[in-house]
Amino acid sequence: MIKQERMQIIKQQEIAKHIFELTVQGELANEMAEPGQFVHIRVADSFEPLLRRPISVASIDLEASQFTMIYRAEGRGTQLLAEKRPGDTLDVLGPLGHGFPVEEAQKKAYLIGGGIGVPPLYELAKQLNARGIETVHILGFESKQAVFYEDKFRDLGDTHIATVDGSHGTQGFVTHILNELPTDFDTYYSCGPTAMLEAVQWAYPQKKGFLSYEQRMGCGIGACFACVCRTTKSETDYIKVCSDGPVFPAGVVIS
Amino acid sequence: MIKQERMQIIKQQEIAKHIFELTVQGELANEMAEPGQFVHIRVADSFEPLLRRPISVASIDLEASQFTMIYRAEGRGTQLLAEKRPGDTLDVLGPLGHGFPVEEAQKKAYLIGGGIGVPPLYELAKQLNARGIETVHILGFESKQAVFYEDKFRDLGDTHIATVDGSHGTQGFVTHILNELPTDFDTYYSCGPTAMLEAVQWAYPQKKGFLSYEQRMGCGIGACFACVCRTTKSETDYIKVCSDGPVFPAGVVIS
Amino acid sequence: MTDLTVKLPGLDLKNPIMPASGCFGFGKEYAQLYDLSQLGAIMIKATTVETRLGNPTPRVAETASGMLNAIGLQNPGLEKVTGQELPWLEQYDVPIIANVAGTTMEDYVEVAKAISQAPNVRALEINISCPNVKQGGITFGTDPDVARELTRAVKEVSSVPVYIKLSPNVTNIVSIAKAVEEGGADGITMINTLLGMRMDTKTGRPIIANITGGLSGPAIKPVALRMVYEVSQHTKLPIIGMGGVTNVDDVIDFLSAGASAVAVGTANFVNPFVCPEIIGQLPERLHELGFDSVEQLVGRSHRL
Amino acid sequence: MTDLTVKLPGLDLKNPIMPASGCFGFGKEYAQLYDLSQLGAIMIKATTVETRLGNPTPRVAETASGMLNAIGLQNPGLEKVTGQELPWLEQYDVPIIANVAGTTMEDYVEVAKAISQAPNVRALEINISCPNVKQGGITFGTDPDVARELTRAVKEVSSVPVYIKLSPNVTNIVSIAKAVEEGGADGITMINTLLGMRMDTKTGRPIIANITGGLSGPAIKPVALRMVYEVSQHTKLPIIGMGGVTNVDDVIDFLSAGASAVAVGTANFVNPFVCPEIIGQLPERLHELGFDSVEQLVGRSHRL
């Protein structure tokens, strides 16, 4: 069920350049189910900034009623978020949307992420591993300074890193790594910039894939029609990223 | 000279109901001269609230480059101000305006204050005492819970308290106390609600008096013509509370 | 007991609070969060004759204390709205105000005629003020003669009272209000959004794909309040006021300015529980201010 | 080297930044804080024939990301402005744009004629858009024919180029802009404030003694930007843009939308050093965005 709650901030730290890891606690965490869902955060009690910010859930700890997000402090809203400290409260609405279907993977899955699209793949990798699925992680970042969670992903499976400037791992994009890897997986999951999602879909037209999309949002719950994408399923309808997605099967979204 | 500075907050505490005492440090403090001047404070980096808030200087500590303000957390801006903690910085513009002329008192002065008009009288009392002037303090508050600085004023001279509900001191307004007191002073200084300033002027038409006024402000430095009052000095002109005042000799302001 | 009820043409409201059109879809999403029967009414998303896809994305952009939107009247079309959305809403004990939009006068008439027959639709809100479509919309709301004509035409076919939604993007809002009064309108809703724009500073490109969008949220409250104050002085029509309402004090201000009821738009995105929260706070706030009923407060500013 | 200079009719600007009229008095107060010669220009407070006392107080009220003002054109009158204020400003190496206001067309003509002869006045800004006076002001700015006439009359007597300051409180700002272009204007300044209102929630009374006031500050930036974008597409006149500018990126946005220079109003009250700060940051920001000069940026959004 969707809740709105003033959650307690448990931990906030910068884990890479401008990248923050934020853990919050509260009843809302108990509602979390699928990896790839997101929450809608009000970063200030002020009307400026006015709108909530959508941030994915990076890992869930049901026992402690906590979950963790990872975000880049870039614009005004995320910068204000980065100023919060343990003990402060945070106005969170969630969990929202439909996440990655873990039950779709058979044996081996590729998890392909770019930049701030990487975080939701971590909870996904945990849940897939818990179901006995082998996961391979192909993660792209701007540069070495922007890399995060490399070791955590390694603990869960094979992990390949690409950086645009070549300062760490393979130089280039995740697609450069994908070209070198076998195609012995049954399912892929991906989250990152739209251009990356497109490239990944092109690379594996025969595979079952699930992709997480981004759009600017108003309500975050499906009521305002801000976050729509055209879809291959209908000429006369849109799908909404916030409530129909953000995760869609490959081939559904026209971007 | 007027400065704009991000001052360091040294101390912030609630000293009476909704009444806060706030001490800040920085070079701007060294520019302070007259009691009764004020500073213009930006309470948030956000545009909401947008405008600065005028607050009087309650005491100055030149040696430590500090000054103290006392304010009531009432509206949105002052409530945000009350959330600030030692170590935070505060955007202060000041010192602004013309304060109480201490050199005008001869031997004995009455200092008459109401509510949040009381604070500037404290620095005034200190400076008058330093010049060997005897000061008598007549201070009005809503109720016992709202009383502050009573002991500090007592240390500097005779102090009389009135509360509207009679829960402390004389029941009623400062004027009830004034009626009982001798008129053996040469100068009076007053700050508080406009109705109180009017009553005080009526009570002592023969005495030299100085009154501190309030108006809603824009710029705080005399450029926007927001804070004007009609004056007995001219039919074709206004005086500005922010830059010509906030302190004016008795009889000058038409309120 | 504080009396929150409000009686308006066609509308017997439990309380004066309702979500504004376009900010609440057709109710389904918010129904996951609270019982819609608590609401005074619901203004549903604009309905047009045909299914509308609306504008390309991005459709929203944030501004200081506000937001721009250019949804472009996306909606499933008259048939689905009367066949699916409205029947679904019948499970709630709440009057529906149907927002009607179109490109031609005939469009408006067709939608108004059909949708006003739905059992839970108690009033129409004629959207002559949508700034985000190339044709129709705002053009009907900026010329008094056109507005009068359209009101007449819609009024003729509608089986429920007709409220006209005014655009703030005009020189003289009173003249438009008077024109729709002459045209036979039963009430006015106001204001729709102010036309605005935001750039991506890095590229210089407008952020909204439609280039301009409608400005809503707290930023526009002063403009909305001023217009409600003016219009309520110069027409006898009841007004449902809106524009930047986020809390119970904003509601008090709109009622004081002359609105009989108040709609909440953008604030639903910031706090999805804002409508029931305000409804819950109203009795105490009215009491504090010395009023026993909402109706006592209406137009208070004019009587001072 | 980044070139900040801007050439406009009558104005050879060091840089495109200037304080907006009414937010900077006649410069004396801000001269205590920094050297006014740094500024691109100064738009002085509106001047009328006679001394004006303006409106009663309160004259300002805060709103979400904005403020209302109803100063009511308080000013010392033509004689004192030309006799005292302008000569005082001569000590600074900065062009003055004199803001001209009045109640009748004759008033405007009289002030324009006299004030345009002051040696440091390089251009006039004709305020046909002040919302805070009962007569004159905005009435001249909402009717294209009246605006055209007034422009002609002022243009005839003025010995410096004439800029007309447009009101945003109109249905069609382009038609007003075109009218003043036909009337012979040399440029446009825009926008003045949006008409708004705020209540004291406790009492229901309007806070501003004048009841309504002009809304300015960040809240109105989206409206201002949209209007500059529209007008710059439909007239050839250079535009000095304003409305909610608080930082260097806001300046970039206005230039992109089609303004040739930018005025800063309300932001001076929030940060009295805002103008020199923006001027200091402009070269680096232009460089980051890949521009060598301010002029390259003007109208960038139209060329994408």
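First chain written, first letter: the chains are A, B, C and D, and each begins at residue 1.
We take it that a residue touches a chain if its C-beta (ideal position, glycine included) is under 8 Å from a C-beta of that chain, and two chains touch if they have at least 3 such contacts.
By chain, UniProt protein names: A, B = Dihydroorotate dehydrogenase B (NAD(+)), electron transfer subunit; C, D = Dihydroorotate dehydrogenase.
The structure displayed is predicted, hence computed values, not measured ones.
Any chain that touches chain B and also touches chain D (Dihydroorotate dehydrogenase) is listed here: A, C. Comparing the centres of all chains, each the average of its CA atoms, the largest separation from chain D (Dihydroorotate dehydrogenase) belongs to A.
As a whole-number value, the distance joining the C-alpha centres of chain B and chain C (Dihydroorotate dehydrogenase) reads 47 Å.
With centres defined as mean CA coordinates, chain B is found 54 Å away from chain A. Chain A and chain C (Dihydroorotate dehydrogenase) have CA centres that are 36 Å apart. Shared interface positions of chain A, defined as residues touching 2 or more other chains, are 47-48. Shown for chain D (Dihydroorotate dehydrogenase) are the residues in touch with two or more other chains, namely 63-66, 217-219. A complete topology is adopted by the chain contact network, contact being made between every pair of chains.
Residues of chain A that touch chain B in their complex: 44, 46-48.
Note for the complex: chain D (Dihydroorotate dehydrogenase) touches chain B at residues 22-25, 28-30, 32-33, 45, 51, 53-54, 57-67, 69, 71, 74, 76, 217-219, 246, 266, 268-273. By the touch rule above, chain B contacts chain D (Dihydroorotate dehydrogenase) in their complex via residues 1-2, 4, 42, 47-52, 93, 215-229, 236-238, 243.
Those residues of chain C (Dihydroorotate dehydrogenase) that touch chain D (Dihydroorotate dehydrogenase) in the shared complex are 63-66, 68, 142, 169-172, 194-199, 201-206, 211-212, 215, 217-223, 225-226, 229, 244, 249, 252-253, 256-257, 289, 297, 300-301, 304. Here chain D (Dihydroorotate dehydrogenase) touches chain A in the complex through residues 64-65, 218, going by the rule given at the top.
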